[in-house]
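If you scroll down you'll find the structure; I have some questions about it.
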Amino acid sequence: MSKWAVFLSPYQQAVEELKVKFKSLRDQYRRASKHTPIEFVTGRVKPITSVQEKARRKNIALDKLETEMQDIAGVRIVCQFVTDIDTIVNMLRERDDITVISERDYIKERKASGYRSYHMVIDYPVHTVEGTKHILVEIQVRTMAMNFWATIEHTLNYKYSGEIPQHIKRRLVRAAEAAYNLDEEMSKIQDEVREAQTIITKRQEENRGTYK
Amino acid sequence: MSKWAVFLSPYQQAVEELKVKFKSLRDQYRRASKHTPIEFVTGRVKPITSVQEKARRKNIALDKLETEMQDIAGVRIVCQFVTDIDTIVNMLRERDDITVISERDYIKERKASGYRSYHMVIDYPVHTVEGTKHILVEIQVRTMAMNFWATIEHTLNYKYSGEIPQHIKRRLVRAAEAAYNLDEEMSKIQDEVREAQTIITKRQEENRGTYK
Amino acid sequence: MSKWAVFLSPYQQAVEELKVKFKSLRDQYRRASKHTPIEFVTGRVKPITSVQEKARRKNIALDKLETEMQDIAGVRIVCQFVTDIDTIVNMLRERDDITVISERDYIKERKASGYRSYHMVIDYPVHTVEGTKHILVEIQVRTMAMNFWATIEHTLNYKYSGEIPQHIKRRLVRAAEAAYNLDEEMSKIQDEVREAQTIITKRQEENRGTYK
Amino acid sequence: MSKWAVFLSPYQQAVEELKVKFKSLRDQYRRASKHTPIEFVTGRVKPITSVQEKARRKNIALDKLETEMQDIAGVRIVCQFVTDIDTIVNMLRERDDITVISERDYIKERKASGYRSYHMVIDYPVHTVEGTKHILVEIQVRTMAMNFWATIEHTLNYKYSGEIPQHIKRRLVRAAEAAYNLDEEMSKIQDEVREAQTIITKRQEENRGTYK
């Protein structure tokens, strides 16, 4: 077992625990027959080679990774409506098992590429074999449309090592607009949907008939 | 344990087995460093009360459910691009562990509501405690944008018991158009993305860094 | 959704979180190439009818369940060797995300039935939609042999509503002795095994070849 | 992605599918309120280095692995009682989605080391991206006591590269006898337990209160 695997182990633990915690919240909303702001939750630990490559690129000393590289552990919360994002962000700020370190709102201030998402960096304590350890975790909150687009953009960014050709960038911006329009249209029927979901969740909970 | 639970048990088994089989295909595409037409797979068994209600509504005798109600077991395959749908449909037609009974193309012939998806009904044999049993399963194939829209429409349809008011219907149609536009824009960068995904999947596979 | 389901929801959350936390510890031991005192972890929430029946039998008012019924949430940690139990108990006492409320050592003081296990009741805070909530969880620590026997005894106890006939009780005591002997024999080769496991785990970790 | 990973991919798929299928059977027994012969199911794919090492040792050409190495894919079915093993073996012989290639009864003919288990090699077809592929899978059927012992013996065998010292071998044989005695004692209360389990499973199924 390499030193890297031992180093990354508590990050993996943090991601697993947070995924369970956020999924529990989603289930509680459903049981309480409320609209759930959490549609699904995913997570990942940055691969060793990516950690090394980013450390080189950002000039981060390897013994400073724990404090200076903030996205080694990543958790993504995906929701239906843009307004769900605020609900989630407020909820995260109020929990006492995590401490919010910083926030970036790429929805109000969209990136030039078209990227939209709300980012938070939190401090999360995990209990390891050697005792308590504080881990930085990046939490990304986005709608399903933002997520669809971001997945595609990530793929292309990776392919071109960050240097996407102009004609593809333009296409991406157009796709980002289409994703934005989908979010806008969804917002308009959101109040109808929220009210409906409360009723449905109530019936479904008795029935357990949702796709999963 | 009610008779209903015993009746639904092989349907649950069919859904579980098919989910594992389709997820294996996705992983194989990734390992072979190819673009995977399968983004994610979900499934559900229709709740008892819904089966009963639909049997009443469609006038299906309870002893004919196995042959006449075709969506008691449902599996949904969600993909990135519209053209992935053809790939999946062809792949399903060629497997010899399932038999395709019927197909409906709601993408070429979109419903008035705006609904788009490709539907197949298959016959799938499961091995139960009492021997082999043939189960009908409805498979829905759609893009992420179609899926987002359909989730919302399902919620509203349920709320209004199929009688969605005109002004909400109109909003839904506009949202369906926004979803369609997103699919169109994505199609235009699809070749770029496919090629990129092959490269990425290759690197990621070594690294296991995808959100999941 | 019944009031009971809402009442039990944070108990389910506590069980899920603790299972993830204890499984993480097991994985960390393996990654650090040490003998892991945790072989597997299971959990359950007491079914509603059992909670009601026990409340009646023990004369517990329903509004005092949270403090007076201590096994609504249960987590079981199963290990290979009797000495692993001490390791686990000490580890639980030192964590600061849980508070140990009480302990019962049914290994030193085996029950007349033959039952052996180490029991702890802990206070565990969960973060729900309505804020932080303190939950009592019973943790049972046992070897695989103790667990095998206890499963069988539980089944019989349930059948005879706690009044197992004398001739079966005698058989159970003999089976408990056989389980005890297996633990004794295993203890004798334990140092050999521990040392070996360190080596194996190291190799397997690179290989991921364990049955699971 | 190495050639080895591509080679092992359908073996992984076979293991996943068979685990789901055997777990479904267990759930069906429970729902039908019968004693289930299947307590739990695990599986693994042999790690690449072990495949290579065994090929060298057994003198198997790498292009003959598919037919001559029969335990690349392994599935283990663990049960409560020795007589459950027969039930499982008969059930496997009758399924038409698998073909039994060979059987070895190490329970009637226990190994000198003390090892007991029932082994079957089956042919199982998986549907891959390139079409149907026939995979050999070794299925091991054992009681919980046999499984506990075998785990320990495997650890030691590995440590000493198959050359366990005489004094440890003697201890292992004594532990195997203790495991055998536990199985014997359990057999004696088995009819009581089976009958009881039918009742319990019935009640638990309504309640979902089992540890898992």
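First chain written, first letter: the chains are A, B, C and D, and each begins at residue 1.
The rule we apply is simple: a residue touches a chain if its C-beta (ideal position, glycine included) is under 8 Å from a C-beta of that chain, and two chains touch if they have at least 3 such contacts.
All figures in this text were calculated on a predicted structure; none of them were measured in a lab.
Using CA-based centroids throughout, the chain positioned farthest away from subunit B is C. Here the spacing of subunit A and subunit D, counted between their Cα centres, is 40 Å.
We define each chain's centre as the mean of its Cα atoms; on that basis subunit B and subunit D are separated by 34 Å. Counting partners per residue, subunit C has 206 as the residues that reach two or more other chains. Chain contact topology: the protein chains form a single closed ring, every chain touching exactly two others.
Those chain pairs judged to touch are A-B, A-C, B-D, C-D. By the touch criterion stated above, subunit B contacts subunit D in their complex at residues 1, 5-6, 9, 12-13, 16-17, 20-21, 24-25, 27-29, 31-34, 94-97, 125-129, 132, 202, 205-206.
Subunit B makes touch with subunit A in their complex at residues 42-50, 74, 76, 80, 144-145, 148, 151-152, 155-156, 158-160, 168, 171-172, 174-175, 177-179, 181-182, 184-186, 188-189, 192-193, 195-197, 199-200, 203-204, 206-212.
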